[in-house]
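Which chain is which? They are A, B, C and D, in the order written, and residues in each are numbered from 1.
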Amino acid sequence: MKNVPFKGIIAYPITPFDPQEKVDLPLFKQQVERLVSSGVHGIAPLGSTGVLPYLTDEEKEAVTEASIQQTAGRIPTLVGVSNLTTDKTVYHAQFAEKAGANAVMIIPMSYWKLTDDEIVQHYDKVASSISIPIMAYNNPATGGVDMSPALLKRLLEIPNVTMIKESTGDVQRMHYLRNELGEDVAFYNGSNPLALAAFAAGATGWCTAAANLIPELNIALYNAVQQNDLNKARDLFYQQTELLQFIVAKGLPRAIKAGLNLLGQNGGHLRSPLKPLTAEETATLESILIKLKRQ
Amino acid sequence: MKNVPFKGIIAYPITPFDPQEKVDLPLFKQQVERLVSSGVHGIAPLGSTGVLPYLTDEEKEAVTEASIQQTAGRIPTLVGVSNLTTDKTVYHAQFAEKAGANAVMIIPMSYWKLTDDEIVQHYDKVASSISIPIMAYNNPATGGVDMSPALLKRLLEIPNVTMIKESTGDVQRMHYLRNELGEDVAFYNGSNPLALAAFAAGATGWCTAAANLIPELNIALYNAVQQNDLNKARDLFYQQTELLQFIVAKGLPRAIKAGLNLLGQNGGHLRSPLKPLTAEETATLESILIKLKRQ
Amino acid sequence: MKNVPFKGIIAYPITPFDPQEKVDLPLFKQQVERLVSSGVHGIAPLGSTGVLPYLTDEEKEAVTEASIQQTAGRIPTLVGVSNLTTDKTVYHAQFAEKAGANAVMIIPMSYWKLTDDEIVQHYDKVASSISIPIMAYNNPATGGVDMSPALLKRLLEIPNVTMIKESTGDVQRMHYLRNELGEDVAFYNGSNPLALAAFAAGATGWCTAAANLIPELNIALYNAVQQNDLNKARDLFYQQTELLQFIVAKGLPRAIKAGLNLLGQNGGHLRSPLKPLTAEETATLESILIKLKRQ
Amino acid sequence: MKNVPFKGIIAYPITPFDPQEKVDLPLFKQQVERLVSSGVHGIAPLGSTGVLPYLTDEEKEAVTEASIQQTAGRIPTLVGVSNLTTDKTVYHAQFAEKAGANAVMIIPMSYWKLTDDEIVQHYDKVASSISIPIMAYNNPATGGVDMSPALLKRLLEIPNVTMIKESTGDVQRMHYLRNELGEDVAFYNGSNPLALAAFAAGATGWCTAAANLIPELNIALYNAVQQNDLNKARDLFYQQTELLQFIVAKGLPRAIKAGLNLLGQNGGHLRSPLKPLTAEETATLESILIKLKRQ
């Protein structure tokens, strides 16, 4: 049986900055603590939400260590270690393993469009350098590569590539994975607006930044699916779709920071060129959050 | 309460031709009878599967009458009356109503890209010329226009536009419709590979050509959803996804004709330029059907 | 040597309607006469600009005959005969030949996506039914099919398919045609905003509705290219780009009708669902035409 | 008059690596020397061809200094300084200025899709930190952002943003820039297969990696355009299109390295995950180069 340490709601923390745009580690730890307390089933620092590619190597290492220290084994930690070059990806994957991560997440970041063989060699090189499992992550919108289902199948033949996260927004990809690879393949949904469709299709988990704002709704949706109660799942999903669509449309780091502030939390600062939501956008988000509180 | 005469599995018959490429009405009636006997909940002649735009006015009228006569009220009939010009659409909609159709389906066919106002005026003109309800149909791949959710909302303000069929393949459109228009809006899925996701999202029905080949599986999926049994629905869906993907990829008229032949039925001929599946494609379809019979 | 009866500026007339949306043949003849008098090198009735797919068979025949009568051999006539079915395409191609057309233009209209083999058989059937040459026309935006350069190459192997019109808006297609097929292939540009790039790439002609409004500029651009004067061609092109972009953005039948009216000509009426430009759009067009007159 | 230090053929060197995938500076200098000797009009290190985003800060600095030392003022140098964060972009832009660069090239690299305001602030911050001119570079395929013509216009209002490089592959963008901004705007073509169309449209220069392999043809095309000889320019362009298409299709760093080897030069190694062309691809490139030598 393959090593699959994640299921349910896997929360993406943001990486908060101080007014000088330096990583604010104490605030990051507070935000991680808040996520762990909310009852989510896993945590995934240094994802897109955590603006991984905007950080220096030292900052990545500090965030990795802070996550694992703060989580302290209460829930498993999935560390993002994607990098344009293979060597740097190996470096960060090894660092994460040593720091105590339960798994690493890797998207084949692409400036030059990679061939399938280049992608397989990239994963293979990293996989053979560590012993913890890898979640391969497909998100053409941010990574610039769209890994075909056939390629994902090849990646799963690498022993410690045991999980797939699909963020294309096309639920048919999940159908293909399940059909081709059987019920054993663990696939995760990374496209917030597809949360219901993905669970209906059999997704093992949902990696989401929304858990920073509405963890109880995210978790309740997962539980309804576990209880085989489609009608309840549908109701819960429609309660959160507006928020899910909003945070995706505005960019997760910007939207989560604004949402935390609206909830009375410290959302920290962003790193340029990313800028805060406009006043109008913030007002829209506020009205969505107020509606949610009333339900 | 709006007039919504359809739910469940709504089957698209093909329009079969004889060897001289004339419409084969006796064969069409046999195929309709077979669909009615299979237990589907409605029938929709002159859809894309029925190659509506390849037929003359007289042929459309003959197929309309043959459908309604053969169905004889056992299940409701939804007649496709889409046409490039508004006048012709009115003409065929009135013909369908007089012939006894329960509703008409209209896609805003577009050679020149229509503005939203032109589309609204088009529907409005047709709607005010008949008294049966209209299903507005969005399918950019065949109709050439992608109606935005905002436009669909405008169309639903026309009193006898009571149903929406979404075939974009993007399940988020259904979420939007439900969110914006409330639980009362009747939306139908026209994208076969999204059957499970659409029912999970609350679709009232599924318009499908697959019912020519696997009506029992289509109906069972609908029933599982009605029984709130997501796990059973998921199993039933994964049994049929391979066939659904195949018939969509190869073009419904070609694939259904070939499938009927493989099931020992008379699939008739196609009208040029459409040609039968190749021998290799037919063999693939045969293997899919054999696998399904074994389950 | 292949039979290539067209070069230079080939003008698309619109098909004008009367207030009851019937084809207005006397007005059509006036508009054709105006085009012939303007000095264009050819005329192409029943194109997209002429709303071919919105007409009945009888209307198409009447427009064909009216064009050829009015032109009276002063310039060659290229008649659009595209139809969804092969039989109807053959029918109209034969009608055009009998009526005296110099060539026919055929786009593989597609409701169901056609395979390459189906498209080749479609052209082959029509080509063998007539003896005048065929211009194969690629325009995915209106026809729904994007013929690859490799497919266009196959079509050119049919003896009387002697001309290619490219309207994809991608000038690299023309480079491919020239590279693959040598200097002998006659390709025509159907994408107005690419007029300069296409002539630079060696296009034999430019099929354009703009000749209804600015024939002298269209012809002058062609002449500058013939004189190998790139700087003059560039200047002439930049004088007309704003108009070319406008008429494409708004839809040629709508924009040409409005432009004719603004020039003091009778533009006739449109057939629903097509509606006239809004007042604001018409004002924009007017300001573009005024600027052009001043130059 | 704006400060525009570039025109004609601006060559992109690759960044070669040694067998351990370290930057090979001595080889880089040889390759730069070869470019300068070939007669090109400018040089642009650390572009996409130079795999800028795959390099560490120290490597970027070393390549910048090596370029400027080797060029020694014989032709102007345009240094790529793009970075995901604003701070790092400022840092590298200042470094390039101090090292003696004539201008810097900046593409708004984007992991999270940037708003127009964020992009303007990004450029503004960098521009106000240096005094040499900036070439703003639009290439959605590699940078992930498609800057609209309207946004490019805003950027040109920043005093030292004086040049635009368009690599969308859509020649209409250049028409728009010229129309909107007048004959004074200096725009450059970065899409190899559009070289002829871009010069026809009035491009000031062509930034190309092809100059590593066929500098004489690139320069001859530019000269023919300067001499207003369209026919000669067309002939020269069609001689090189096959090579241009090949190097773009295969990825410039891979294709240029392979081409250098085939020409008897040392192409160095690539940095993983980028891998060399396959044997079959290399054979295709060889046959293209042999054909070119015969002309």
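Everything below uses one rule, namely that a contact is a pair of C-beta atoms (placed from the backbone, for glycine too) under 8 Å apart; a residue touches a chain by one contact, two chains touch by 3 or more.
Every value quoted in this text rests on a predicted model; they were computed, and no experiment measured them.
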Proportion of interface numbers common to chain A and chain B (over half same, under half different): same
Centroid comparison with chain D (C-alpha atoms), farthest chain: B
Distance between chain centroids, defined by C-alpha means - chain B, chain D (Å): 51
Separation of chain B from chain C, taking each centre as the mean of its C-alpha atoms, in whole Å: 35
Per-residue overlap in chain B, given as positions that touch at least 2 other chains: none
Interchain pairs in contact, sorted by label: A-B, A-D, B-C, C-D
Residue numbers on chain D that touch chain C, as the complex places them: 169, 171-172, 175, 178-179, 193-194, 196-197, 200-202, 225, 228-231, 233-234, 237-238, 241-242, 245
Chain D-facing residues of chain A, complex: 21, 48, 51, 53-54, 84-87, 108, 111-115, 117-119, 121-122, 125, 142, 144, 251-254, 271-275
